[in-house]
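The following pair of complexes shares a single chain, chain A, combined with chain B in the former and chain C in the latter.
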Partner chain A sequence: MDEDTDDILNNIIDDDDDANIQMTPAELIQKMEEIWINEKFAPELLPHEQEIVDLVLSQISAMEDNVETLPSADFKKGFYQLEIDRIRFVVTSYLRQRLEKIETYVLHVLKEDEEREEAYLSEAEQQFALKYKEALEEHFDNATMFYPGLPFEDWKSNFVRPNMNSFVFLKAKSNVEGVVVDRGQGDDNEIVDIKAGSQMLISYKGVSDLIKKGDLRLI
Partner chain B sequence: MDPEEVEFLGEKHLVSIVPSFTSESVHLIQGDYGPFRAGLPIRVPLWVAVNLKQQKRCRIQPPEWMDVDTLELIKTDEKLSRVFTKMPSEFYMVEVKQLLGCASDDIPRADEIRTIVKDIWDIRMSKLRSSIDLLVKNHEMYAAVDNLTMMEINSMRPLLPHALDHIYRMKTFQPNVGSQSQTMSFSTHSRVSTSFQS
Partner chain C sequence: MFGEKAYLLIKELDRNRDSLPPYNTELLSEIHNEVKQLVTENQEDANVSEQSRLVENVSYVPTLKIRHAAIKRNIRCILAYHYNRLKCLKTIRWQFGSILPPEVKANLSQAEIDFFSKYSSSLMQYMRGIGDDGGVNLAVNLKPPKSLYIEVRCVVDYGQLELSDGSALLLKKNSRHHLPRTECEELIRQGVLEHVV
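Let's look at the complex of A and B:
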């Protein structure tokens, strides 16, 4: 049954011209956990990882099909089921995390995505964000119409943004040199090098690109 | 992050078990384990071990460091050292909790181990508190947190980064820009909590 799942995964990966080629299922799950944790601790919405999520979901459903064929007396069935549940938890937690950020920062997220070449929202997330924005606007318009004279257009231009200066814990996957730390007193910046494997507490702003590139991961 | 989620991550670590059954390999998505031969030790992820133990299908071999003498040494080192020493396992708290929780009959002197590990945790926590105090007083804007395990990092998660956030905001605050910026900074203030819900 393992060969079956491997075959399925290989086929999927072969079809996919993306950068993430040649991953074993174990590496795939590892990657899924990493993007889950990154999304959890990053203040802003990170670029979507739809390919990874799709691959993981297809692994889960292949496994589920296999589990169905096992006799229910087999005690190993419990492990397969348990593993499926564990992985499913990671995926749902990741997607929920993203939805929560989209809801909180909906106007900001949509605007950023328009201005950026690479979309951070997946297609489904974009649809959700647009609908959510529509509903929000309608609701606010209805609510503010009762009180004439309110500056009710303000919320549209002055919208909720993630706090990019918030502090995060991270671990370096490779050596990183020249991270700029803004000390918040004018030009008084500091340059920090981070060695592979070391852990830091630092402001998110200086490292956001390195996290998206994958040199650092949040913990 | 909930402590349960840290446990979840720690449960991937491998531990040794001695199965009491014979079976062919289990092909999980994350790798193959087995074949299982009754009486032959084998390494499996912690969550598999706990599950097997609960079904009374195996005996757990505690990790090498989970031993009173080794832990006493670690405790002395931790006490004498000014910095944080490296723990034998990135998830020592999780492993101790899970293994002692389900398999205290397989681990010699389980109660003593529990006490020593709690002592080590307490020493490290008090070190952590004084380091944080120093960090904030010196107005540092970054800190190396090597050798801290995830559970320890998690224990200061909501408070410390949030505090540094506020310090940063106070440093960058410009009072003379006018009332506009005041209302803005007030609204950023109320927002910050959203980034720390996790």
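Let's look at the complex of A and C:
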């Protein structure tokens, strides 16, 4: 089935050449699935992959146009429709996950993004986060400002933070050296080397940079 | 006892986990009164403490601390109440779309209705912004699609339904249909159709 999909896609994907990333459609979909699963299992918001999302969306619309041209009685049409639906589900689930994380950790995410150079939020997400934060602040101020002189500013200073120490399953794509495993209590932090292809359960804090770089992926 | 009414507020939320009970204005105003009383008492005692420091060294600091802790606890419960109602409201938005059914609307306070409209509009704006033409509606495909066609049964009398390939279907109560998933998903969420496994 994937070969048929590739056939349809290869006929139309020529506009990928002007993007900086050159991938075959199958690779693109696999990359999309990978960032989808990474986003699902990571406790914090990962950098946005706007280009990949855009590429996948343009692929979906191209596939839809192609499917329209097939005769309705052709049973292959059903398969292509299903494939389109599945890919669309992956993209929407990815975007929904990000929105959920933004909403839960809105103050933390906005503050971090200001301090970082490369923003983890796309522009549209940034606008959404700001509006959401304003709406939330207004609602809470309404709820608590019923008497002057109350200690109602506390909630703005105590952010809801994602739990960086939560454990994640991961799989290594390439050889990684020098991952610091923080024991927490003692000072004896272990340094671990991870071989390519191995799978392990580890605290998120030590590996967050590597996941963002792409050497490891969550499963 | 301080904070009892706030506890009742949270218990009420706990009893209706997924649905929104009516906005409990009376309990909230009772808690407001309690907090106001505590604050005024605290201020009086703080003044007395301040003045008497020079004369007798009477200090009400422990009382002040207890009252302050009670005030903070009440405010925390109030905020938790509001926040959890907002969470419920957001799930409702994702389920039903931007128009609230009237039963839900009757249970909301004015501030919550404002929040809902703001949230709805910023969500719509975000959805329009992704993708190149027209944006992507994120509210469809909430579950991974398992098959293309699904068997549904009509729960209420809906009338004519026009499918995307042009054919029309009459939806009467208790009629069963075998329809493509994309057509039915919206209606299933609204409650017009029911998925038959």
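We take it that the second predicted complex is superposed on the first by the 194 of 219 C-alpha atoms of A that agree within 3 Å, B and C clash if a C-alpha of one lies under 4 Å from a C-alpha of the other, contacts with A are read in each partner's own complex, and residues count from 1 in each chain.
The rule we apply is simple: contacts are C-beta pairs under 8 Å (C-beta built on N, C-alpha and C of every residue); 3 or more make two chains touch, one makes a residue touch a chain.
It should be emphasised that the depicted structure is a prediction, and the values quoted were computed from it without experimental measurement.
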item: Clash or fit (per the criteria above) of chain B with chain C on chain A; value: fit
item: First, second, both or neither for A:Arg86, with chain B first and chain C second; value: both
item: Partner chain in contact with A:Leu57 - chain B first, chain C second, else both or neither; value: second
item: Which of chain B and chain C A:Lys76 touches, first, second, both or neither; value: first
item: Partner chain(s) touched by A:Gln97 [first = chain B, second = chain C, both, neither]; value: first
item: Which of chain B and chain C A:Ser166 touches, first, second, both or neither; value: first
item: Three-chain overlay, closest Cα atoms of chain B and chain C, distance in Å; value: 7
item: Shared chain A contacts, counted only where both chain B and chain C touch the same residue; value: 78, 82, 86, 89
item: Residues of chain A defined as touching chain C within the complex; value: 53-54, 57-58, 61, 72, 78, 81-82, 85-86, 88-89, 91-93, 95-96, 99, 103, 123-125, 127-128, 131-132, 134-136, 138-140, 142-144, 146-147, 149-152, 154-155
item: Of chain C, residues touching chain A in the complex; value: 32, 35-36, 39, 43, 68, 71-72, 75, 78-79, 82-83, 86, 90, 111-112, 114-115, 118-119, 122-123, 125-126, 129-133, 136, 138, 140-141, 144-145, 147-148, 165, 180-182
item: Contact footprint of chain A on chain B as seen in their complex; value: 1, 8-9, 23, 26-32, 47-48, 51, 55, 57, 139, 141-148, 150, 153, 157, 160-162, 164-165, 167-169, 171-172, 184, 187-188, 191-192, 194-198
item: Residues of chain A that touch chain B when the two form their complex; value: 1-2, 5, 25-26, 29, 33, 37, 40-41, 43, 59-60, 63, 75-76, 78-80, 82-83, 86-87, 89, 97, 100, 104, 158, 160-163, 165-169, 181-185, 190, 192, 198-203, 219
